[in-house]
Amino acid sequence: MDISRSTMDIAAACATAAVGAVVCYGATLNGTAWGSSGPEPGYFPFYVGCLIILGSAGTVVQTLLRRAGGRQEHGAEGEAFLDGERLRTVVAFFLPIVAMAAISAWLGLYIGMGLYIFYALRVAAGFRTLPSLVSALAVVAVNFVIFEKLFMVPLLKGPVLEAFGIY
Amino acid sequence: MGNFGQLMDGFAVALTTHHLMIMVMGVLLGLVVGVLPGLGAPNGVSLLLPLTFTMDPISAIILLTSMYWGALFGGSTTSILFNIPGEPSSVATTFDGYPLAKQGQAARALTLAFTSAGIGALTGVLVITLLSSWVANFALRFGAAEYFAVYFMAFASFIGMSGGSPFKTLVSMMLGFAAATVGIDTISGESRLTFELDELIGGISFLIAVIGLFGLGELLLTMEEGLKFEGVKARLDIRVIARAVAEVPRYWATLIRSALIGCWMGITPGGPTAASFMSYALGRRFSRRGRFFGKGEPEGIVAPETADHSAGSCALLPMLALGIPGSATAAVMMGGLMIWGLSPGPMLFSTRPDFVWGLIASMYMGNVIAVVLVLATVPLFAFILRAPFTVVGPLITVVCVIGAYTVANHMFDVWLALGFGIVGYVFKKLDYPLAPFVLAMVLGDKAEDAFRQAMLTSDGSPAIFFSNGLVATMMGLGLLLLSLPVLSLLLKGGRAAPKNDAAATPEGRSA
Amino acid sequence: MPKHALTALALCLGLAAPGVAFAEWKPNRPVEFVAAAGPGGGTDTFARVVQSALSKNELLTTPIIVSNKAGGSGAETFIYAKSNKGDPYKLYFGTQDAYVLPLANKLSYGLKDLTPIAAMVFDPFILWVNPKTSGIEDVKGFIAKAKEAPGQLKLGGAKAKEADETLMTLIEHATGTDLTYIPYKSGSEAAIQVAGGHITANVNNPSESVEQWKAGVQKPLCVFESERLADTTVIADGQSWHDIPTCKEAGIDVDSFAQPRTIWGAADLPPEALAYYTDLFTKAAAAPEFKSYQERGAQIPRLLTGDAFKDFIKKHEASYAEIYKRNGWLRAEQ
């Protein structure tokens, strides 16, 4: 389950090229000509999109050339971008963040962050349940005081807190 | 000498116990606001604004500007400790500040940043004091073409600076331009690249991109590298701070260069963010230690910090003299001025000299207080780094997520930041430079607007960019900066080329 | 949906007898003022002045939070309103943009997503030049200069296809001239460009140029109103706002083109809340803080609430739609 660096280089270049293509397409909706009094709104974005595609293509060619050259020199596929274990570590760190965002969108940021901190401390860092719970509550409380009380920046509350009369 | 006498009167106004207390309070609040991304200086100032309705204008503006200084310093703190720029203008500080902190020298990095920032700010105030009457007239000479020339210079100083693959640099910079384009176009009033999504009509916030690319991206990288967070070794030693303060004067050349760039960009419409980038780029090119930039080089911290703060101070002058705010924070303060019954503009200096000079005097005091207070917080921040990453990591994550939300109170922004986080992680691993992306995103739409306004003014003739001495000089300087890498390559001949090539790949990896 | 009709009926009743027909409603938590402009912009200042008038006079005792949603020329604010249907703790501050923006752009909100509360004051528009760099001293000189070289006279304003550019097309139409419009981020920015001699003229609200006038780098030519402004305090060159001729008497046949400063609630705002806010802003308009804001900006004190405001919106929107149609700015479907 190893991903080589050159594979990743090419994958990333394809992704940026796709973004470039989207930018080019979006720009054509605004008109891309150079009018009598300067460029139309889509002029710069269109060429920006083109340059993104061009640069991505350059990266692909460069990577392929290096891979061909590397094979001759080392007989190997070059260094690894990620191996299975590292990938697992990163995903194990990132997925809970996605979960926090999803829960926050549904139940509000305070519940989202509380659950996330509890999970991170209890499961990921291996603390005991009580300290993890207390820390999670403390984080929520500190954020609540800073944002709602001190700076009066209302964060997303969600239906649960509103039901408890916390706006 | 007229200015000097007025400044003394100003000090008499600013140096009351009441005002000193306000300064301390403002700086402390600013620090808190600056440290939290998403709660930037503009938020802080607008939140304090209601409090000032019942104050007299001088106390009110002292409170707001002190908060601004505090926020500027706070923004550098998170840049250095966590690679999360609390303020747009402190992005350039991450380039060397964070590597230095990672090497276990967080206290030194913070102290260097704060001290040089203080020097920069004081230089800026000095320039305001000496040149206030001249600056207002000078700023009036800036039309659309001149605006564009300023941005052009900032871009030109950056091109050819980053090592590594030119294709990747190109892609990174162009992606930045594309991101800056999203939203409604100033010139035509049409929406661009929004694809009829409500969420995109307001554009992509720069802060969202930075929180994702730098903050979350770096967290993922640290996680993957097996939680090696070298800050753990950070020693709490007061002597480190003293030694770092004493170290700063050694970088006098960088200090002077950066302060000049900062003042220039503050007076002209470039602003602090462009100033810090330009100063970093030129430092890298002209400093003897330039090739160590990006790996935790002290001069790489001094250069952007000095320029950032001198520009931040100088930018207040166009605000007072012309009523054109140089930054979002200045815009909020200007709103304040109007509510307090003062009108920023050319006449403010003659109708309310007590206000203007009281403010300028408070800028001296406020910055000195800010440096002292912020240096006192260094041990505290260094202490945070000693906590294990399994604890600090999730906390930083929460700060990033809340930060992304508070930028505009949109959940969509949180998702966007997560997306940018993955992009930042992949790009960093593949040696895509992020600095060109950030620079293009900050200045891209401004440069485009200025360019198209200039073309409208001249009926489509590019001659407007060389139509007077001022704009021609700036464009000329920009072109010179642009051609520097090519020139130096030509001068060095074939000798340098293979060496560069060999150095590019392994160096970039470690950065 | 009968419930809807009931609400509408209730709304009308609420307007007819504010504060009487319903049980007293009062906000018991922070109220958010969303300004459809960036910090420092005209609408932002408006929202903050109202905030200061309310809190200083203790008309509203719960905290007031001002936030900015300037994206999409302010459309972001009204889209946000759409997603907060019926929420009485969020009020939206804007200008005519609330109903004019959807005319030209494809946006996901419409007037039906908003409940009009009040237009608190009107900002007049003035035509400015820099007399020193342009050699123009009055409206006649302006028209002569414009006719001399069609398309050469550059007129600046805030943003594209909004009030400022609309007004320029009205000037063109009325005088038979061809001007070139140059959009800037804000009205004050355009004013500075005129003061610096980079462009010839600009149109904006009095407050955005008054300091340049005092400094002698800008001069008002005429005001786009049917009557002269009331304020007779001398400001510069021995002139007051009242001494500026109306554009009609000076030779540009454009009638009143004032910009309302408006306050909105989301759709389905509870009638008792609407009644409360109508009353609240009527009081705020009389507060000294608001009065001095009016004076500084040489604004026209005209408070519209309830049906009067609704009628005004209908007429104003129609007149904009007509101008937009003539300019070819209407969005495709219409």
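So that you can tell them apart, the chains are marked A, B and C in the order they are listed, and the count of residues begins at 1 in each.
Throughout what follows, contacts are C-beta pairs under 8 Å (C-beta built on N, C-alpha and C of every residue); 3 or more make two chains touch, one makes a residue touch a chain.
To keep track of the chains, here are their UniProt names: A = Tripartite tricarboxylate transporter TctB family protein; B = Tripartite tricarboxylate transporter permease.
Please read these numbers as outputs of a predicted model, since none were measured by experiment.
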Between subunit A and subunit C, the fewest steps along chains that touch one another: 1
Most central chain, Cα average position: B
Subunit A and subunit C: spacing of chain centres that average the CA atoms, whole Å: 40
Centre-to-centre distance between subunit B and subunit A (centres being mean Cα positions), rounded to whole Å: 23
Separation of mean Cα positions, subunit C and subunit B [Å, integer]: 34
Residue list for subunit A, restricted to those that touch at least two other chains: 37, 152-154
Per-residue overlap in subunit C, given as positions that touch at least 2 other chains: 180
Two or more partner chains touched - positions in subunit B: 185, 187-188, 190, 409, 456, 459
Touch list for subunit B against partner subunit C, complex: 42, 46, 49-50, 53-54, 140-144, 183-191, 196, 198, 201-203, 322-325, 328, 330-332, 334-335, 338-339, 341, 343-348, 408-409, 449, 453, 456-457, 459
Footprint of subunit A on subunit B - complex, ascending: 32-33, 36, 39, 43-44, 47, 165-168, 170-171, 174-175, 177-178, 181, 185, 187-188, 190, 192-193, 195, 216, 219-220, 223-224, 226, 388, 390-391, 393-395, 397-398, 401-402, 405-406, 409, 411, 414-415, 418, 421-422, 425-427, 429-430, 432, 448, 451-452, 455-456, 459-460
Subunit A residues touching subunit B - in the complex, by the definition given at the top: 5, 8-9, 12-13, 16, 19-20, 23, 26-27, 29-30, 35-42, 44-45, 48-49, 51-52, 54-56, 58-59, 62, 81-82, 86, 89-90, 93-94, 97-98, 100-101, 104-105, 109, 112-113, 116-117, 120-121, 124-125, 139, 143, 146-147, 150-156
Complex contacts: residues of subunit C adjacent to subunit B: 38-41, 44-45, 48-49, 51-52, 55-56, 64, 66-73, 75-76, 79, 104-108, 151-152, 154, 159-162, 165, 180, 182-185, 188-189, 192-193, 195-196, 198-199, 207, 210-212, 214-215, 217, 289, 292-293, 296
Residues on subunit C engaged by subunit A in the complex (per definition of touch): 29-30, 32, 63, 65, 89, 180
